[in-house]
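Once you've had a glance at the structure underneath, I'll fire off some questions.
Letters A, B, C and D mark the chains in the order given here, with residues in each chain numbered from 1 onward.
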Amino acid sequence: MTSKDKSLSVNIGGVLLDSPIVIASGVWPYEEELWSPERLKGVGALSTKAVTLEPRIGNPGTRVWETPSGMLNSIGLQNGGVDTFIKEYLPIVRKSGLPFVVNVAVERPAETEATLKRLNEIREIIPAVELNVSCPNVDDGGMCWGLFPESAAQAVSLAREFWKGSLWVKLTPQSPDIRGVASAAEDAGADALVVANTWLGMAIDTRTARPVFERTCAGLSGPAVFPLALKAVWDVASTVNIPIVGCGGVFSYQDCLAMIMAGASAVEIGTAMFIDFETPARICNGLAGYLEEKVLSNLRELVGIAR
Amino acid sequence: MFDGESSIPAGDFKGTVRDIRQITETVFSIHIACPVISRLARPGQFIMIRFPNRSDPLLGRPLAVSSAGGDDISICFQVVGKMTALLSRILPGEILSLRGPMGNGFGLPSSTMVTMVAGALGAAPLIFAYNRMPQNIGKNFILGVADRSWYPFCEWIKKLIPEVRFFSEDGIIGKKGTVLNGLGEELSPEEEIWTCGPLPMMRAIGQKYTRGRERIRVSLETRMACGMGGCQGCVINTLKGKKRVCVDGPVFSAEEVCWDDLKG
Amino acid sequence: MTSKDKSLSVNIGGVLLDSPIVIASGVWPYEEELWSPERLKGVGALSTKAVTLEPRIGNPGTRVWETPSGMLNSIGLQNGGVDTFIKEYLPIVRKSGLPFVVNVAVERPAETEATLKRLNEIREIIPAVELNVSCPNVDDGGMCWGLFPESAAQAVSLAREFWKGSLWVKLTPQSPDIRGVASAAEDAGADALVVANTWLGMAIDTRTARPVFERTCAGLSGPAVFPLALKAVWDVASTVNIPIVGCGGVFSYQDCLAMIMAGASAVEIGTAMFIDFETPARICNGLAGYLEEKVLSNLRELVGIAR
Amino acid sequence: MFDGESSIPAGDFKGTVRDIRQITETVFSIHIACPVISRLARPGQFIMIRFPNRSDPLLGRPLAVSSAGGDDISICFQVVGKMTALLSRILPGEILSLRGPMGNGFGLPSSTMVTMVAGALGAAPLIFAYNRMPQNIGKNFILGVADRSWYPFCEWIKKLIPEVRFFSEDGIIGKKGTVLNGLGEELSPEEEIWTCGPLPMMRAIGQKYTRGRERIRVSLETRMACGMGGCQGCVINTLKGKKRVCVDGPVFSAEEVCWDDLKG
């Protein structure tokens, strides 16, 4: 894939990506070297670690645990708060020259509003906000907002009011009615949907006979959840008209293709970056090869064709 | 203190197993051909190792580089779980995926005498550090082990580090007692300690001296998922706030670590 | 573990098992050789393939598909109907000398009633019925019954009326309120709960650009789902007082221990039998070793200790 | 017809890789030491092969036994996906998990002349059948391949089965055409056909003759999860209802198979 090649380009809620691979929230640190073009080959965009109004120290105790073909995490939104983000990290993020989305964890309305207002002030340099109504690892708010259509509508409406740029909403697979939540988010003004965040699971350390995580439950990600994420994308794609970003267990170009054939326009990858830095480039090469083989000029032609 | 040099892993590389050697019933050493990592690795740094093209085990496991030369590096490890069990059955010619080299490493000594204190497999990074120690620096090496089952391991270490002094809990290997018995009452201003081993041992060393703690460098272990600073899974509490063991460490000064917050 | 050793014995809703390992429904065929004691070492009980009133030919097309550390299946309750079961298979099942449970798929009330009546007529030779309100792979009924407390209560009450023996109820993890469903089942007369069945997922064959399964969705099982199943057990165990059988991704004795520490009294294993016939014996040895190490006389002492 | 003998796998066994040989760019043959399976295996039976102690890839993959003798069996396979790619990189000494032997196998001939018809890797079980054919039975072996890339494979087969006749689509190896060109217009009552290969080939053979179809034995392939009859994942439609390829097959008479229901 050359940088001029536009066969993999997509438009996600007004954000133009050269490749459909978005690095998911919470996996890419703010070390400057990692934001150089050589370290981001094949990446179309990045989502930042969740940003909250005030700094958060995250959860105590064990934070990551491996499971068969997956991992559980309970980080708990550790971050320096929106001001630190803007001052210290945003300059690094911008250095990559790539589009990025600022992952904003929904807190209580006052906090969410304040965070978005701060970002809105500088919205000409922020391509999009990814509203995270799906973090399973905190007490206040987090995932609860994404469980039901009503609360999701409330959270998205609030965001829409205070953030004027492109608004992506990241859903939780924990919702009993993900289609309803998706519609509600669309109606409330979302420009794109990220489907989805982690699944709630748990682990017990049999040597200590205690739950591994202090909060007992944690979020499951990685290849293990791919079949579940694909179904969520399939379901949501039958419901909304805004672009969908598939997320959950994508590792190979076949995984990415499957997401696209199910109706996603792009994918986010998280855990895969823990395993192999070359994942985005590898997926892009695979996709480009597939397009060539099938004599297709743009990946967009494949969106939803399995339906 | 040790974060002068960049500690982000250079990348993910393929390594070819050259040979594997069984040292004790549960301890193994592997030579791996991986030119880039061999060239870049500094003492105290580590790699995340995994099997390519399989998602179980999924995550890499952190293992210290115990030597690097020519195209090869070596690691040594104890079988404690899934990945180490699989590694213990590896065959020459097999391909591994290596992320690294990473971590700040021990850095350069700031005194004229370094006492290296290893507990069991904690010897791994210190073997490397010992062999790369600048000529003009005095060095000691103390190794503590549990019992006689570690005898072949001690023999193996002795070949690499002839001056090594042993301590064992049952007194069968070297002197009876723990490595703490090998340390002086005070830490002289010309001396520093580099240590790696079980947490209780490092905690005891880290808290033994009231003065000079900033001259004690401890290489910590925590559970890791990414080894590149992204997941924040490996954080510990320090006097300067949360730090990630993978990229801000694994080497910290005993002074900055909040020992009471560390579990284990 | 000798056969006299009772340290692993459990009582699940009145059924006495020498080991806490139950072979899950739908994985053990009725070939006589497989019901001999040598082929069932370490097995405490077996659950039969789902039985329906009439024969069912199951689903067309691809029925199994591997996923990372898991598998999707869409078998669709293929079985010969309750009469064939009683005439042809029950004698084989009984040959093992082990306790067994007859997995009955909930259909429309009339069918369910008829099936249970037939079984009830011979209830002195049937240790228990496992009411399957959780099959994801059929249109009529199946999982729907297990989604909500009300429908679950209805299905279990009906079963309770026509089946007088021990009644196990197998829940679906697809329920948005598994605690509520569990309570409802308990209140309606269940003697034990099996937690849980498969998770809904899907796969797309990227070479054909079509969903792999004719019914699009299929049930995910295997190690991949273990963290999710453990959480389901944890949740249900805080809610009911009847015994719980954990099910989903159990492969090792540590998995089994974790389930027990979370509050299960036994486990069912399905996919593991596809991988390794020795799984039950291997788990039992591991459990026995653990008890010895911890100087415990019975596994029961560990039930729920992680709570 | 072929279900006289039990076809439930004897168990799950460990096998040690003796050697691996690359035959073409994508075809490999492996010798595995596994005494029980070697002793029990009959032509047309298969094993489910997987890597122990890892759950990805999770399920065993069915591969025909292509020879069995002494303690060893051999398999040969083409790299088409995850498991076969991993197998192609296996090293002598590695341990595999083998479920088997299983399936009904080809059984004993009921005529005096058997024509074996293989398409590409379909040769695997037929090599075994050819070598175990009772002395008093006449035998032919026809192999069809796509193009010149199969040349080394054909050379390899020729060493095992000197009488083999080749057909290739481009005519570069043996005669131009498909294996059907090698079959007579009618199937004489003394003759039977044993065949294994791509479904379109077997379907064409299975439907070629109006008379004698019951004397055509086809070894079918379907996706399998358990290989022991439990999952019902491998079922096909036959005149006698649903049958499981793993334990009721993989060998069926061409007559009983509902060819139109088979996909591929």
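Operating definition for what follows: a residue touches a chain if its C-beta (ideal position, glycine included) is under 8 Å from a C-beta of that chain, and two chains touch if they have at least 3 such contacts.
Quick caveat: nothing in here was measured; it's all calculated off a predicted structure.
**Student:** Could you tell me which chains make contact with subunit C and subunit D both?
**Tutor:** A, B
**Student:** CA centre of subunit B versus CA centre of subunit D: separation in Å?
**Tutor:** 51
**Student:** On a C-alpha centroid basis, what's the spacing between subunit A and subunit D, in Å?
**Tutor:** Each chain's C-alpha centroid was found; their separation is 46 Å.
**Student:** What whole-Å value do you get for the distance between subunit A and subunit C if each is reduced to the mean of its CA atoms?
**Tutor:** 35
**Student:** Multi-chain contacts only, two chains or more: what residues does subunit A have there?
**Tutor:** Residues 67-70, 222-224, 251.
**Student:** List, in ascending order, every residue of subunit D touching at least 2 other chains.
**Tutor:** 55-57, in rising order.
**Student:** How is the touch graph of the chains shaped: line, ring, star, complete or other?
**Tutor:** Per interface graph, the chains form a complete graph.
**Student:** Inside the complex, what are the residues of subunit C that reach subunit D?
**Tutor:** 26-29, 31, 33-34, 49, 57-58, 61-71, 73, 75, 78, 222-224, 251, 271, 273-278
**Student:** Okay, in this complex, where on subunit B does subunit A touch?
**Tutor:** Within the complex, subunit B contacts subunit A at residues 6, 8, 11-12, 50, 55-60, 97, 99, 223-235, 242, 247, 263.
**Student:** Report the residues of subunit C in contact with subunit B in the complex, numbered from low to high.
**Tutor:** 68-69, 223
**Student:** Over in the complex, which subunit D residues touch subunit A? Could you list them?
**Tutor:** Its residues touching subunit A are 55-56.
**Student:** Write out the stretch or stretches of subunit D touching subunit B in their complex.
**Tutor:** Against subunit B, subunit D makes touches at 53-57, 82, 85-86, 89, 91-95.
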